[in-house]
Amino acid sequence: MLKVSNFRGGYRKGVAVVDGLQIDLRQSAVTSILGSNGAGKTSFLRGICGLLPWRTGEVELNGERLDRLAPHDIARLGVRMVSEGRGTFPTLTVEENLKVGGYGLSAPVLATRMEREFNRFPRLYERRGQIAGMMSGGEQQMLAIARAMMSDPRVLILDEPSQGLAPIIVDQIFDLIPRLTQEGVQVLLVEQDVGRGLEVSEQAVVIEKGRATLSGPSRELLADPRVRESFLGLS
Amino acid sequence: MEDVLVYGLLRGGIYALAAFGFSLVLGVIGIVNFAHGALVVFGGLLTQYLAVKFGVPYAAAMIGGALGTGLLGAVIQRLFVARTFTLEPLMVLVQTFGIATVVTELGTLGWGSEERMLRLKTGLPPGFMLGDTFVPSFDLVVFAVSLVSAAVLFVVLGRTEFGRAIRACRDNRESAQLSGINLGRTFEKTMFLSGTWAGLAGAMFVTLSPVAPYMHFSWTVDSFLVITIGGLGSMLGALVGGLVFGVLSFGASFYAPTIAPAITFGVLLVFLVFRPQGLLGAGPAIRK
Amino acid sequence: MNFVSMAYAIRTGPVRNQLLCLAVFLLVVALCPLVMNDYWLRLMVFVFVNIGLASSWNLIGGFGGYASFGHGVFFGVGAFAGAVGMVRFGLPLPAVMVIGGALSAALAALFVPVFRQKGLYFALSTLAVMLVFETVLQRWTFTRGLRSYDLGWTLAPSLPLEGFFYLFLGLLGLIVGSIIVVVRSKIGYALHAIRKDEVLASSIGVRTTKYKAITFMISAAWPGVLGAAFAPFLAYVSVQSVFDVSITLNMILITIFGGAGTVIGPIVGGIALSIIDQIAWGNFLEYHRLIYGALIVAITTLHPGGLASVFWGWVERRRSAAKPVPRPSAPGHPPTSAPRRA
Amino acid sequence: MLDRAAIPRRPSRRAVLKGGVLGAGALAVGVALPRIAGAAGGADGVVHIGASLPLTGPYEKVSRICKDAFDFWTRTYDGKMVVAGRERAVKWTIYDDENNASRAAQLTEKLISDDKVDLVVGTYGTDTVLAQGAIVRKHGRVFVQAGASSIRVDEELGGHTAFTANGRVGTYCAGAMDFLASRTPKPKKLGLVIMDDPVYHEIGQGVKDKCKQHGIDVVTEVVLPMNVQDLRPTALKLRGAGQLDIVYNTGWDVICIKLAEEMSAIGVNPKAFVGGHLTTSPVVKETLGSKMQGIIGSTVWLPQFKYRDDKYASAQEFAEKFKATYGYLPTYQAAFSYILPYIYQQALREADPQDPFNPKTLRDRLSRLDLKDTIWGPVSFDERGRIRRDAAPAVQWTGDPAAAVIVAPADMAESAGVYPKPAW
């Protein structure tokens, strides 16, 4: 259960990009974060993962404080992010990418998990010897998700997973998200396609200028006129 | 002609050995380590010191010298480079230049400024004829050790989790961190590896030719040349670059000794302008 | 008007203020020969040359973000132009200074293809050019010396020591003045854009190659002029003495030490390092290199922005302490402190 | 400044480091300031001698020997020097010129104008001595030096500014070449290795002249840049010249060691190997080990030489005392460095008490100086200020452990010498 309270953070000392955010994932399996460009969505996600140069406030995972930890420790405690633009290791093979995802695990565990991910993404199995940098965007997105899943995370953060992908691949990704939650993973999703993001999520938060201005069950937000106007282009 | 080729290749083995660490650090941490040559010299002198002062057998002294140098590298990373490597690369260049000066001066204070050499009694015949070329057997041993240790490095980088972590950090720092890899520790290990191989190069070289603290800068420049020819940040490139550079510099100082530096640096310039990725360059792996 | 606000006003005010400030500084320094003996005068000349060289380097390396690792080549070419011109052809000092500057600028123009390279590649290319030139000038009989076995040039000092003092002081004024003007000109803004994000700069229509070439030529011409003037001062010019790697390294060190990408940086750095140098040299014979190296490590590790950033940090703090509302960003484009990459 | 306060502040290592650096800096300034203040002005009753040496760089090792020898002279005379009939304390000021000409000039200026030294002794290296001489000349002073033996010193500074206590380099090879020419079978072919610097060209020219005189062919000549690293290409070149009788390398210690090493590695075995600038320093012997056997060096001074002075009954005694103090046998650089202050001492003994260091009278006294017995041998200067001295004797390393014995000229020879030398 990820809980964030009074979170501030940014890139330059004294300039807050995220300014006093409160988010409580509770039982929500998938939570969507909405906001216009530059609202601080990505910065917020990076802040949770410990990647912002400065941050204050509290980040709690099942009662454990994460806000003072280094990014790699946060990752080991089960918060994994698939960053915008995938962030695969281009010169490593698919297998090696997955192994890095399971960094620190013993060889047998690594083998079972890898098999599981290959079952989930048969495409990756076909390309397991391939250098990641040579693969298509969709394949890289799958690889990035599989790599994050290698560690059996408790929270999976997806930043713009559909960006730059062909519609058919986007469909596959969104089909996948509910299935992931069945394995006990909570998903935190930032998606430019707000409609889709809301469809797939249970709860949603709207961020403006680094502050949460609106939050609630996704279905309600989908009906909210403000959301419809500013994000869905409907009136 | 064959002489030049053979001797050049033999020398190239050591150049490659010295350049591996330089290339690794450049690729992974993204810095040019001006103290690299000082590490090579330090490794050579440490080996010589262990062997002569304590009568340690050469193989052990060599390993001790290499690991000691690796440790020095890791300490440099932890205390100094870790604080600056995210800044402009120029800053680290100046910083490591300062570190090179300090290491060299401390080495001079401890060991003196005189050239030292480690003479081994191997019991091998002095050499054998390869066609018309006389190949000193000890040179060949050193060359073989260079290749074997290069192979070890390839295995470490290519097949182990440690190596994967290093390569992951090289490819994408942030994703590596998000996968639970401790960036700081990995960089320290990278520097350790780099120092170890630099020390190994020094440990080999001190058995062939005298070594003294003041010689550090030419090792740094030579490593530069090797990886520019071979390709920045690529291990295989460093090996190939080392061998090519060995032949090139040997040929230049054989056929035109007085303008040899101009020839080698001229070739470097040609590479930089027309083929900046080198012979086997990784290209995109280099950030800046 | 207190000191802090004055410093701030000079930094952000019109170019005229900075030039005025420079003129006052030069006038004060010009009085030095009244109280100094020959040694200190000679030392001052070295400091002027060092600051002049560092300031020139700073233009392309600090403001442009293109670190040249072979900038010493321009000084060396200038010094050889001075030596060959004066000894072989009997030219007067002003003539060889012009020739030295022109040759260096012309040499810099040849670097245009290298400008495609970024960062490290650029640094390496310039280093290689320097080492090639070093060997060529050493081997070429025309530049080698008068007699076939000579390796260097002996020059009669063409001015008394005070003469050299004022010559180099004047040159320093010209160099720093020209940099103040250039930095606040169109070129300066282009450089700023190039340094921040070159791709972006060229995409919004900044002709990056043109501005880089102009900047590089200016930053090469001054060391050429300095080198030519330095030749008769040194009285003995050889490849060993004017192509030393330490000349380039000093330019970089002084700039970084004082603060790269600021006008004041090389001046402060040059003075500070000279003082340290003198103290270490005179008193810690066995350890002076160690002290010098340790100092470089200390400053780069603890204060990567150099002395200038320490000073401006202090000014900013004093200002924000004086005014309750901190301003989000300073007007103009003030010197960047600690150039961090995002 | 809210967020700054909110960040946990532990006393960072950075702060500790910073404190350390500041403390060290303050200490350094504290130590230095009184000395700077004290340095100005030559104190009365003290002879202030100034020098610079290339204490960092390629000549570092040699210059340490020179520095020890200055110190040894001071110890020998109890830190005192008789000037104008009165014993005065001696104070040395030595700087590091890093083998850099412009720095040498600057430091010499400092010694003369700022430290106001009474006497200047020369540094080591041709470029630096020439640069130094230009400054000394500008002040109308004189200096004694032995660190540059090139003929250029005579041309540019001799007779008015510089007194050179070392013989011309062109004659360095005479002992070795005469010795080799008298062997049977007579050597016919010589390979010459010259470093690309005027001094070494001068030595090389001397070798060529001797070859012409003795009817020896110079079959190959390799010119090497001063910063040469790898000597194997040179060894290969020598091998390409066929069976050589003599290889003459003009270079200094490391160059000779590296060349010997590479020649032995690829099986180039000349009948004689001469190291033109190979010193008798222990490092050379240690580094070359058994390969030292039969190598010939030309040295301008050895403890075996039959020299003596007012403090030491023989050069041997001088060498032993020196070794007891510094742990190594003095090389010729040690001897010529020792002699520099010694020469001043002899010249100034009966100087005018009113103005003992007057350059004009000092110049006259130096040019009239005629010392029969010194550790360095007879000392007198010709009209170019050069010591009257020729033909450096040749030594050869033989025995186990290898020791240098004089083999030429005949009147000094301790041994008949070995030719051809044993293969590496």
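As written, the chains take the letters A, B, C and D, and residue 1 is the first residue of each chain.
The rule is short, and it goes like this: a residue touches a chain if its C-beta (ideal position, glycine included) is under 8 Å from a C-beta of that chain, and two chains touch if they have at least 3 such contacts.
Remember, predicted model here, so these are calculated numbers, not experimental data.
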{"item": "Chain whose Cα centroid lies at the greatest distance from that of chain A", "value": "D"}
{"item": "Per-chain Cα centre nearest the global Cα centre, belonging to chain", "value": "B"}
{"item": "Between A-B and B-C, the pair with more C-beta contacts", "value": "B-C"}
{"item": "Inter-chain centre distance, chain A versus chain C - centres from mean C-alpha coordinates, in Å", "value": "49"}
{"item": "Intercentroid distance (Cα basis), chain C paired with chain B, Å", "value": "32"}
{"item": "Between chain A and chain B, centroid-to-centroid distance (C-alpha), Å", "value": "41"}
{"item": "Chain B-chain D separation of Cα centroids, rounded to whole Å", "value": "34"}
{"item": "Chain A residues counted as touching two or more neighbouring chains", "value": "14"}
{"item": "For chain D, residues that touch 2 or more chains besides their own", "value": "14, 56, 196, 225"}
{"item": "Set of chain B residues in contact with two or more other chains", "value": "83, 258, 261"}
{"item": "Residue numbers on chain B that touch chain C, as the complex places them", "value": "26, 32, 79-80, 83-84, 86-95, 97-102, 104-106, 109, 217, 221, 224, 228, 232, 258-259, 261-262, 265-266, 268-269, 272-273, 276, 286, 288"}
{"item": "Residues of chain B defined as touching chain D within the complex", "value": "3-4, 7, 11, 83, 108, 112-117, 119, 126-127, 134, 136, 138-139, 208-210, 212, 214-215, 218, 249-250, 253-254, 257-258, 260-261"}
{"item": "Interfacial residue positions of chain B with respect to chain A in the complex", "value": "161, 164-165, 167-168, 170-172, 174-183, 282, 284-285"}
{"item": "Complex contacts: residues of chain C adjacent to chain B", "value": "61, 65, 67, 113-114, 117-121, 123-125, 127-129, 131-132, 134-136, 139, 245, 249, 252-253, 256, 260, 286-287, 289-290, 292-297, 300-301, 304, 338-341"}
{"item": "Residues of chain D touching chain C in the complex", "value": "14, 17-18, 21, 28-29, 31-32, 35-36, 39, 55-56, 94-96, 100-102, 105-107, 109-110, 112-114, 127, 130-131, 134, 138, 156, 196-198, 201-202, 205, 225-226"}
